[in-house]
């Protein structure tokens, strides 16, 4: 009975109760024990992928290497092999690999991807654009996340608004995208410019890169929220993962 | 030669130059004069709809009734009849109607829609959800925008997190949506909860409704940007129009 | 079947399904229709009082008089007569009274209380203390809320820290309280001083009263959050209702 | 005459003066010397436990190991053996232990508890709930504080709003609590959700855990202050001790 | 001896003292009485134009019509006829005109210019560019100030970044400017884009126009301060006058 | 027994208890009833003038005319005739005068002074300096307060840092002051300049006058707090009364 | 001619010019070279002590040990031996001592005082009060500064508002002070309480000590600026030196 | 065909297309490949110097030494030898030198300048003024940038507003400048004072130097933006490079 999923489980369970297969008391217990494992420090959710439709992710920041390996092991026992582990150090990645969990580590975005043997096939067309070299860690977090979730990704870096011709000469690329992720620090103007040129959804990611009155990314964040271009929505400062995740959902939309 | 569009115009024009049909100097002039009308106070863009793929919108806030009528008249001469006019008063709407431009005015979101004779057919499935009665103006700006752009919209109001059962009993509705717009003021927690239940893109709209430490919508904005639910992106405070516009783009995505 | 409450409803319903009294499909519908009325602009919750253990409250701010009367009428049909309506004008109160709903209106805190015929008996001992005359609207919102919820309230106004002897001479009163609500604007120091003298829970309410660097209540809010006195928790700026509500819950705690 | 307490000392002393047992000048001196020891860097308060009704606490942050040992020694001479020492390093704990003061050190919340030989018996029922693994230090500061003050504590970790079913399946636990402490970083939405489900006082603790636009805990703090759920009050960012202390006061309320 | 100017006055005066023409005590008095008139509510500076090289300006905001007329009259007696009066209402302008001081009032920027009979000849080439119709008041304050100070001004309105082709088609105009003033609200991205295209100094003026997270112009201000384009400096929010003044100084620079 | 003052009352009272003149219980009652009158909305403090050494003040902002007259009447019965009433309208002043309380109203700082028949003699030398005409309301609140408290005041208005010679020519006046109050809005630089020239205490008063990035006086406040000149302390934004009060205390210091 | 002081130098110099003793050109040069030494990285002011009436101070923060020794050496050559050097490390103090400049270093406030052989005699009575042990560095910076400037200082530490009796028992000490410096972090309430009890000027110093919503001292700063007690002015966060300096000026006021 | 510049390239290219020298498709490719080199991590712009008229700059912050050498090498191949590299460590400078790229490193502003063999001749007159020793890093970034761009620079350090005579004695120097850069931390008042004395454009640079309520440079930034002196514009906090760049553009303005 390990196949209870959020989408249909209530009705299924109610029918089983009706059929006398489970008592009401058992039903409540089943729901409690079947849907996640309680590791004490974490409750590992077995059915999130079913409910949310994606490969799993562990936010590595603030977890010990031991906790991460514990969660990964539990997931693997329940069949989840393809897992993103965000914001971990090389040391943590090595610790995971030494725990017999094969992992592919990307040092610039500090992102690990555990290997399932078979990668997801890639579909569609997501652009990750950025204004400068220094935003590359956030860009790669977005791009690798989107790739891990099974999307084709085109990288378009260092096309900032202060050198507009570099962007305009890639106009054809922009126009063919299904989704565009725009990463920018400091002034954060790039999403507005791209949003005015493109006709697909634009996900803007402010970064904390900069100095002075950027106030840890606040300047870019406010600029993006106030964008006059009408197709732009925004995620948290430095949240490359979130942008890649949302872009994947949009890119993989089924037709009407 | 009024059919120059951003997508193909550069190549077209270059070919005409090559063919000697237009001189280089003429080409530059053509681009300048054919793509918009200069009204002095505004440059009306004739081809934005082509480039951005939507019906037109005029941001009414900060424009005089005369300016709005001027822009609307110019648009209509160039074939745009289906125009949203946001944040205008009843008085301005009456002024527009008295200028022989038929307009449908919605007082709660202060939104006017000029009538083209034929409405766009509605497709797909966008939900607009909110936590309280007082956010209704922003909700309706989002919902009416999405409808004007040709989308089916389901309204799910007053399902706030402090009364969770009202939301959970609509779980089936949530799960069937293609896009969900979540509007919330004060604490702004609703998008996180819905983002954890749904598997489609969620557009979060913070509102300025509240008092005390909501600081004009800042509390809801920060809460939404920090959402732990992975599919949530955010637009500006009170920006119902923007949310409706983005949701429309996503809802109308073609399949791969 | 109108007596479904959150606390026991799941088990009850499951048992009825088991007994064949209701089908699983009916169960879901019952839950949806029995627990609240959908007025369009609001979903009136019939069982909140059961689930939260208090008389009902309507936040009046941002609702039209018609909406408030609509909600009140629906509540009364479902048996809730004792309702607080916060932040309404005298005009709205008159409108309610003219709709044949008897209401007692307090102009200083802009608070209305609809009359059920019999008031709740008052128990225990809640103090509402404040530093100055100008915070009286918030004080009275707290005090009247607590009284409406069935608590004895002692008002101790104008005992600010700049005239400490006025406070110290009421030390005996402070020491006998079960809960103390402290309302303060500007510097917000009073809760720390009272928190150091009393041995019961203290609820601090910052107010927006002041000028200059009080920034709409931010100064008092930060001061209270940083209180060195160990028994102080804080509610939103100007949130007299919330403080009265929490104080009532604590005052009415059953013994171990 | 070491038994002067704030609650009755003024009257006692006045009676002794009247009886000629102490002169007015002596009375003032007695008050000054009997109620605390002046260590130069600190004034150790002998009667705070009497006046505030709890075991003692030393805020370790910003004090040298020598100062902490000095204060602890002075307290022990005056009969206080059961002392919480917050925010100290393992090194400081070792230094205390090496000074012949038995101490129990908890590394995650960086909290030490000196041992009195006999622990307080535990009563009642306090829940500490949190949304994620990374808030555990603050959770444990709250939980251990509450336990040291003589309360039963149930830990309910990793029940965040983005995976609502994990929370809902523990509804029965929530409903039986006398007080609930809810710890949350980032978006800070969990207290609102729990506040809507429970009918006991809820103490919300924002944490500084997060990144980007969480601004050191500001996002969670503002979200919690703006909570629509009516039983929620808030303490300072990361203030697990304060939450545990207040929860203890409420849990141990005597019946009316 | 009314021709003491800051540039040479110290040396002149010292020489006169040496020559015995004035006593040291007289020198101090002369400096005090010759350089300004004390009207009580204002000290009218007779030599600011000499010292700062421009026509005079009165900041009208916060002054009564009577005070403004008093200052204007005093200036005119001392030879200053060409005076800008900023941020005054139509009523104040009428009051000035009725006091026999000819004034030219511009209602959009709420700016008055008193007439000296002969206007300054206009030189050079200043562009005032803006992204939207609603920033026009600030644009016109800048443009009219620059014209009053004797500069040619080209207005380039509604060339926002979300419709980039409107800007690019005016590239030749931009490249020929000596100074460019860029006025923008909301996201404030336009100065960065223009700063990347132009090779002359760019003065950026954030405006308070917008809603939501623009926080009274803060979003545009931060965006402009963080501009990646290297020739951009910034003035206060809505400070059209300041921008026009600085642009005039730069435009009128003498060659090396 | 109405002459109990904070300074000596404890010892006096203790001696009376010892002498059997009052019982301990009476002593507590005496303290409670003799030191202030409880008007319900306010506790009027009879001995504050003794304890704080100044004429009384009522903060008018946020009090009704009736409350102010109530407090004034109570004060007058207890011998306080010389009372400042800050931030009241002309209407309130008229209401006070019509209640047979003679009052001198100053419309610019919205300040009333009730007349005691004999004014305090004025001593010493306080300067009130400001940078512009528009700060005059705050300047006059400071100056009139200082005069009412018995100090000589020299007004030095419109000597802002952008026209430094106007200030330097009054250097002799500055150097002879015992205390200088410096009032400035916008940039708030004047206190630093004066602080560097003078050798007496300087009280800086930021004002909320300005626009754009002054954020309600924040810019001036921060500038003044960060002053490099070593003798400058700061009061709240627009707090002319506070500055006048402190300056009076310093001006009237007795010699060592 | 090294005795030019700001107070009389202009008149002196003018008289010498008149007498032909110096030419106007020489006068300007004299002023430039006699009043300070230009060390390149600093302009050492020889007459500041005359003009400002205090011993000298060097702000050590941000200067290299070599620069500090250079400035000290230059001062000593010009007769200034008694110099405070703020915010320097033990290493810098050792470097100064090794450069043959005798210095007394206080590690808690990181403050050095160079020794002149004879200390200033101490006069008057300044209290430095604080609420907790952790503010001691700022307290000592204030106290040592005041002592170095020739004032008697009484330290009154750990008398925070959460333990009011510790403060009240020192009321006699408070009342006898000529100036009180109150240092407080976190909530910053202590200056208000002391300001209400004392009748002398109170200088409030917010500190950055604390955590969570203290935001680097902002909470204490705002609380102090909003103080209801009328004799309180405020200096920058952690600015113990400034408070000691101002207190010294006030303490040493001559009688009228 | 490597001489395509932004100013004339469109017309040139169009003419070549017309002449059949290049096909339209080739034209688009040429534009894409000729104007910059794509290094993957950066797009090196070959013609920025032509389009922007200055020597090149690389923002070193956030780039690896390898990336910087890669960009420098590419530039040198395309003829750019005179390059500023900002915000790099000594280590990075050594790495560059060891890669056979001659570089002149300035440790105080952490600025490197690669050597082209021949320096630009210096013209005009730019002043860099500052209030204190600790702002020297930002000052030197501005001064060295301006010198590298071919301008004469006069340094005027340590002339802060708290010692005004040091500034006034350099009045003649100030008056002769063509542009003045004013660098100031803490209070940021110096640009206002200098702006009132000078008649040339003033570029204000706030610095993050300070402590307490300077909030990372915010105090100086706000002060400068609110300057009452009319010729002052502002760049980002600590942006010495930007100020030097803008000052160079203004200093090198051609006459009308």
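Observations, loosely collected:
A, B, C, D, E, F, G and H label the chains in the order they appear, each numbered from 1.
Throughout what follows, contacts are C-beta pairs under 8 Å (C-beta built on N, C-alpha and C of every residue); 3 or more make two chains touch, one makes a residue touch a chain.
Everything quoted here is computed from the prediction, not taken from an experiment.
Number of steps on the shortest path from chain D to chain G, with steps defined by chain touch: 1.
The greater number of contacting C-beta pairs, out of the two interfaces E-H and B-C, is seen for E-H. With centres defined as mean CA coordinates, chain F is found 38 Å away from chain C. Chain geometry summary: the mean Cα position of chain F and that of chain H are 50 Å apart.
Measuring from the averaged C-alpha position of chain C to that of chain H gives a distance of 59 Å. One simple way to say how far apart two chains are is to compare their mean CA positions; for chain B and chain F this gives 54 Å. Contacts with at least two other chains are made by residues 6, 28, 132, 163, 197, 212-215, 218, 221, 225-227, 230, 236-237 of chain D. The residues of chain B lying in touch with chain H in their complex are 10-11, 14-15, 17-18, 20, 23-25, 27-28. Touching chain F in their complex are the following residues of chain E: 6, 28, 31-32, 35-36, 40-43, 45, 48, 59, 61-63, 67, 206, 208, 216-218, 221, 236-239. Those residues of chain G lying in contact with chain F across their complex are 6-7, 51-54, 57, 123-124, 175, 178, 197, 199-201, 203, 221, 225-227, 230-237, 241-243, 245-246, 249-256. The touching residues of chain E, counted against chain B in their complex, run 132-134, 136, 157-159, 163, 165-166, 169-170, 209, 211-213, 215.
Chain contact summary for the complex, chain E toward chain A: residues 131-132, 160-164, 168, 186-189, 192-193, 195-197, 210, 212-215, 218-220, 222-230.
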